[in-house]
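Both complexes below contain chain A, partnered by chain B and then by chain C.
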Partner chain A sequence: MIRYIVRRLLWMVVLLFLVSAITFLIFYALPSADPAVLRAGRQPNTQLIAHIRHQLGLDRPWYVQYWHYIKRLVLHFDFGYSYQNLISVRRQIFERLPATISLTLGAAVLWIVVGMAVGTISAVYRGRLVDRVAMTGALVGISAPVYLLGLVGLYFFANDTGKIHVFPGSGSYTGLTVNPVKWFTSLLLPWIVLATTQAAIYARLLRANLIDTLSEDYIRTARAKGLSEPRVVIVHGVRSAITPVVTAAGLDVGILLGGAILTETVFNIPGVGHLAYESIKNSDLPMIQGTVLLGAFFIILLNLVVDVLYAFIDPRVRYA
Partner chain B sequence: MKFLMAMALASTALLVAGCGGTAGKKGGTLTVLSQGDVDSLDPGYQYYQYDYEALSQPAQRTLYGWKPNLRKPSPDFAASMPKLSNGGKTITIKLKSGVRFSPPVNRVATAADVKYAMERDFLPQVANSYAPVYYGDIVGVKAFTDGKAKGISGIQAPNPTTLVIKTTKPVGVLTTANALTLPGTAPVPKEYAQKFDKGKTSTYGQHVVFTGPYMIPNDRSGKVTGWTPSKRLELVRNPNWDRKTDYRPAYLERIAFLAGNDLSLATRRILSGNGQISGDFAAPPVADFKLALEHYPSQVSFTPGDSYRSITMNTTVKPFDNVNVRKAVAAVIDRNALVATRGGSRIGPVATHYIPPFLPGFQEAGGSKSPYDYMSQPNGNLALAKRYMRKAGYASGRYNGPSLLMVGDDSAPAKNTGEAVQSQLQQLGFKLNYQQVPHEVANSKFCGVPKQKVAICPNWAWGKDFYDSQSMIDPTFNGKNIVPSNNSNLSELNDPKLNAAMDRAERIPDPAGRAKAWGAIDKAVTGLAVQVPWIWDNDVNLRSKNVKAVTNLFNGTWDVAFTSIK
Partner chain C sequence: MTATADSLLLDVHDLHVEFDTPDGTVKAVDGISFGVPAGTALGIVGESGSGKTASALTLMGLTRRDGARVSGAVYFEGRDLLGASEHELRRIRGDQIAMVFQDPLSSLHPFYKVGAQLAEAIHAHRDVSREAARVRAIELLGMVEIPDPRQRVDAYPHELSGGMRQRAMIAMALANEPRLLIADEPTTALDVTVQAQILQLIRRLQRELGMALVLITHDLGVIAETVDGVAVMYAGRIVERGPVRTVFHAPEHPYTWGLLGSIPRLDVARERPLVPIAGRPPSLIAPPSGCSFHPRCPYVRERHRRVDPPLEAVPGDRGHAVACLLPSDQRRALWAELRKGRTPAAARRGAGVEGGEA
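What follows is the complex of A and B.
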């Protein structure tokens, strides 16, 4: 197991290099704004633009820029400086990471719990009214874009713009260490919004898998041996049907840790997703690189975690 | 004239409504909701509207400033208006005593601090973009920027309260004090800032000190602690500010500028909430704008934006090298329809030329009426347009050449404007290769890069730097300003006669003479139909009910140094 994890971690480093190189290439290949021109303001002379270009290292070939970037990153864990405000990328990302982690993990707990509960109940009561209501609800949840759901949630339930004042509104995010109670209440609505679509997907996924699993021979055997129905469903059924859910959860949490752009934007949560969006708008390559690498890191890491989890969930899986 | 009077009355009424006519209540916290953040904390770099609103106006003392209800510079750190001698080439400015820097510098600011501030505007590591344009004729600038002199000899501080600026020729924007209102004239303490100005990029912004009523909180070393980029900027009282030296009342105790807001939500939060005002957005989204007008009319304020929006045609790209084709385009454009794409007539009147109402030279340029038939009909005139096409050699009155590259914004409302332009031009047979890209890309990679040979840019906009029309006309139409990137002369107009007229107008020292000269140039440029100006923008500002907000006419936004909580 240890050897497997080490091997995967090494692969992670290779993949991160590849991701960073591809991001660099995309930035140069696609039409993006000229960062030196953006930085120079509206009436600059050519000397000023040339100076800024030199200052930002943009007057060198892209592979030289990339080499310097990687060297700084590997030797000093330095992501460079934002073209936009000339502040350290690492500082800005790490300042925003707690908000993104808070948003993602809270929502993940919510969608996994709700999704699994609804999926299990639907599978067990397949074809009955409770199943139909749950699956119709799930369909609505899947169809509602997060952005729309967020806006609707705020227009109805925010305590500033809403009709019924229940939750704190957009821009109310408070850090956990600043005020834990405000942190919790400010994230309640974003958690619900972000978790709604995911919970609906997970409920449908688990339901389909669980229905298949519950018709397997070993489940029939378990029932024949006189095990209680909850034990059959939860210990033998859900444990086996959950594997694709764990895979999806790993990926989703990884992606969202790289930045839940829409949710962060609607609720003005100062997270990494919002930063990524702004940096793309401003052609801020160091910031784009930093946020993309962070996203890739979380996705790869969470995939590894999922693969390791398989060994515990599914008795058939063993890593040499 | 009637039009101008109506505009003046409307803006005065709104300003008075905002002011409330009486003094504000002291104390309280104001929250400013914005989309973006300030460009920099360094006064040497600041240039844009939001930089003024968040930092330059409430936290710094530039030589001259803008009182909310005046359209002319007022002495701020300066004690009086500049005294001119030597045919306008020597400008002597007396400074106030008792203006102090915020902690950790704490000492009194002097003329030497303004001299250093203006010198560092030319340092490449500060990256100021307007200094060469407005201060470039000060004696000794070239020697300084070439590294042959340690300072600019034409900026002198003979004593702590006297600043003397010597120029090689009379420079109108300096003699009228207009260009001395720019943030780069705010004093900077050399002994403190010099160490931050070394290296490839100045880091003074992260250690900036203030002379105005407010400051960003900092630690004992001066490092700014009250700013999280693209998230939050906080202003608190500057303990060293002396009310007696300033015209700002500075009622508020604390001001928080919050970035990253969704415009629609921010609009609703401000209107239905407490203690909030709008920040950097010129106007709310169209649907929210209608809601605001319907349900919260008293919380919406309109201020002339002193800017125009236009469709530019590149005179180096066929068929726009032909003046009659350009006139045909101007004639066919339904400018009322374009105004509707941004929210209708409340967003601003239809433009007929470039200098906006309230800027000197507006009347001289034709006022609200145009002497040209192709700019006289705001709904467009297809028959007239076809006549111009025939004059240009298109017998059918329709364009029959190859398709033309048009580059516009990809997000509303500018996207809607571009699409309206596309459909209007199709009436004249124009086939367009219309590329929609993000706003920043449109200007920095296409429209502002002459070698891209973009024929039409439908989303161009330009605003004043101050109340002098040179800043409206010269950067955008003088041939000397055609540069390989970030070009502001999008039409690439390079008319030797007009260039000479602009160079002459730059040197006129008296305001009346300048208004006449720049107005005449505007009229001549409009006669060449290189752009189709279609709106003089209004800025739309929003406030919560309990905020007694005051608009500053100069930059069209709220002035937080005059705003209070009811």
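What follows is the complex of A and C.
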């Protein structure tokens, strides 16, 4: 198992190099605004632009730039400096990360709990009214994009611009260490909005799987043993049907940790996703690189976590 | 089979089980009656789809959630099982009536250790400590002759061989010393060499523990030395019922003859070919008119297509009952010919039985 994990981690390094190289190439191959011009301000002159170009290293060939970038990254864990404001990319990302982690993990807990509860109830009462209502709700939840739900949520429930003042509005995010209560209340609506679509997907996923599982022979055995129905469904059924949920949760959490762009933008949460969005708008290559690498890192890491979890879920899975 | 009603451990009377499917109503069990005295073994024999498993699952109340329509009466120790609440049934299941299924690999939960699954069966009905349940689990594994029970108690099902898994299933069924064990095709999924061992084990445990046994199988050969009585099922009904010696040596139903003709025997000449039963099991949605076996019966007559034979005692033998429209003397004459190794057509000529226009 340890050897397997080490091997996967080494592969992760290789993959991150590839991702960084591809990001670099895309940035130069595709037309984008000239970072130097964007940086120069409202009345740029050629001299100033040339100066900035030299300062940012943009006057050198791309492979030289890439080489310098990688050298600093590997030797000093230095992600470079933003073209926009010359602040360290690493510092900015680490400043933004807590907001993204708070948003993602809180929402993940919510959607996994709600999704699994709804999915289980639907599977047990399949075809009945509860199931139909739940699955219709799930369909609506899946069809509604996060930005729509977010805006509708703010329109009705924000305590500044909303119809009924329930939740703190957009831009109210407060750090956990600053004020835990405000941190919690400010994230409530984003959590609910982000979790709604996901919960709907998870409910359907678990429902489908649990219906299959509940027709397995070992479920019949569990009933023949005289176990209570809740025990049969949860300990014997859900326990087996959980594998695809774990897979999906790993991937989704990985993607969102790299930046929940839509949710962060709608609620104006200063997270990594927001940062990535801004950096793309500003053609801010070092910042784009940093956020892309972070996203790739989380996705690869969570994939590994999922694979390791399989071995704990299913004793038949063994890695060597 | 001669026991009176009140000494029966299990008393099944006119049991019907129907399922609604998109293609129509499946009459899985169409009015069967049998009794199992305490401590005895009954074999239920028939092809797949003859209603054996549906009957067994219904006894345990396990067809309820599949939307089965059940009628008739089932009494276990005088208690009405069909009318019992789910709660009452749950207390009986796994405690007083236990079940062993066909495929031990799919019947054991793949994610839990064998010992944990045994302990769970104990905890479901007994208020014992975890240690006590574990000790009991090891004891049970030893009882079903699994070597090194102390190690095997922590094995996962996939780490055991097929025969071992079925032993573990049997151990789990016996965890609470049930009064009735229902074994549904317990050897079908196993290697031939292992089948005999498992049957021997079941027989030994049945006698040692003094429990009653209902052994369901499609293979008459399996039950010959294991059970006391036999019920042969066809298309959801019992077509022949009697003590095992009688059913083996003096069977009176053409379907039973077919079953006996399709198993290899060591006591008859080797050149005698195995005779499969022609045709296919009938549809349970639209069963044949009259005698349900008539489309496959070599001795069918016009009347058999219209008249549905009741299960009636054979003249001179109250313990032996057959549902067949042929007169008893003709049946005996036909069997006398068949057991010499004759084909059905030759047997008809030899016994002087006319008809058989099929």
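Please note the rule applied: the second predicted complex is superposed on the first by the 318 of 320 C-alpha atoms of A that agree within 3 Å, B and C clash if a C-alpha of one lies under 4 Å from a C-alpha of the other, contacts with A are read in each partner's own complex, and residues count from 1 in each chain.
Here is the rule we go by: contacts are C-beta pairs under 8 Å (C-beta built on N, C-alpha and C of every residue); 3 or more make two chains touch, one makes a residue touch a chain.
The structure displayed is predicted, hence computed values, not measured ones.
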Will chain C clash with chain B on chain A after the two structures are superposed, or do they fit?
-> fit
In the superposed arrangement the C-alpha centres of chain B and chain C open, at the centre of chain A, an angle in degrees to the nearest 10 of 160
After lining up the shared chain so the two structures overlap, which partner does A:E278 touch, if you call chain B first and chain C second: first, second, both or neither?
-> first
Answer with first, second, both or neither: which of chain B and chain C does A:D78 touch in the superposed model?
-> neither
Broader residue contact with chain A after superposition on the shared chain, chain B or chain C = B
Have a look at where A:R239 lands relative to chain B and chain C in the superposition and call it first, second, both or neither.
-> second
Looking at the overlay, what does A:D34 touch: chain B (first), chain C (second), both, or neither?
-> first
Check whether A:D314 is in contact with chain B, with chain C, with both or with neither, and answer first, second, both or neither.
-> second
Does the superposition put A:D59 against chain B (first), chain C (second), both, or neither?
-> neither
For the overlay built on chain A, what is the smallest gap between any CA atom of chain B and any CA atom of chain C, in Å?
-> 49
Note: overlapping chain A surface for chain B and chain C spans none
Please name which positions on chain B make contact with chain A in the complex.
-> 33, 37, 39-40, 45, 47-48, 124-125, 127-130, 132-133, 200-201, 203, 205-206, 228-232, 258, 260-262, 264-266, 268-269, 272-273, 437-438, 440-441, 443-446, 448, 475, 481, 483-486, 488
Footprint of chain C on chain A - complex, ascending | 216-218, 220-229, 236, 239-240, 313-316
The answer for chain C against chain A in the complex is residues 57, 60, 62, 86, 90-95, 98-99, 101, 103, 106-111, 120-121, 124-125, 156, 158, 169, 172
Of all residues in chain A, which touch chain B in the complex?
-> 31-34, 37-49, 51-52, 55, 81-82, 84-87, 92, 95-96, 151, 154-155, 160-161, 169-171, 265-266, 268, 270, 274-275, 278, 281-283
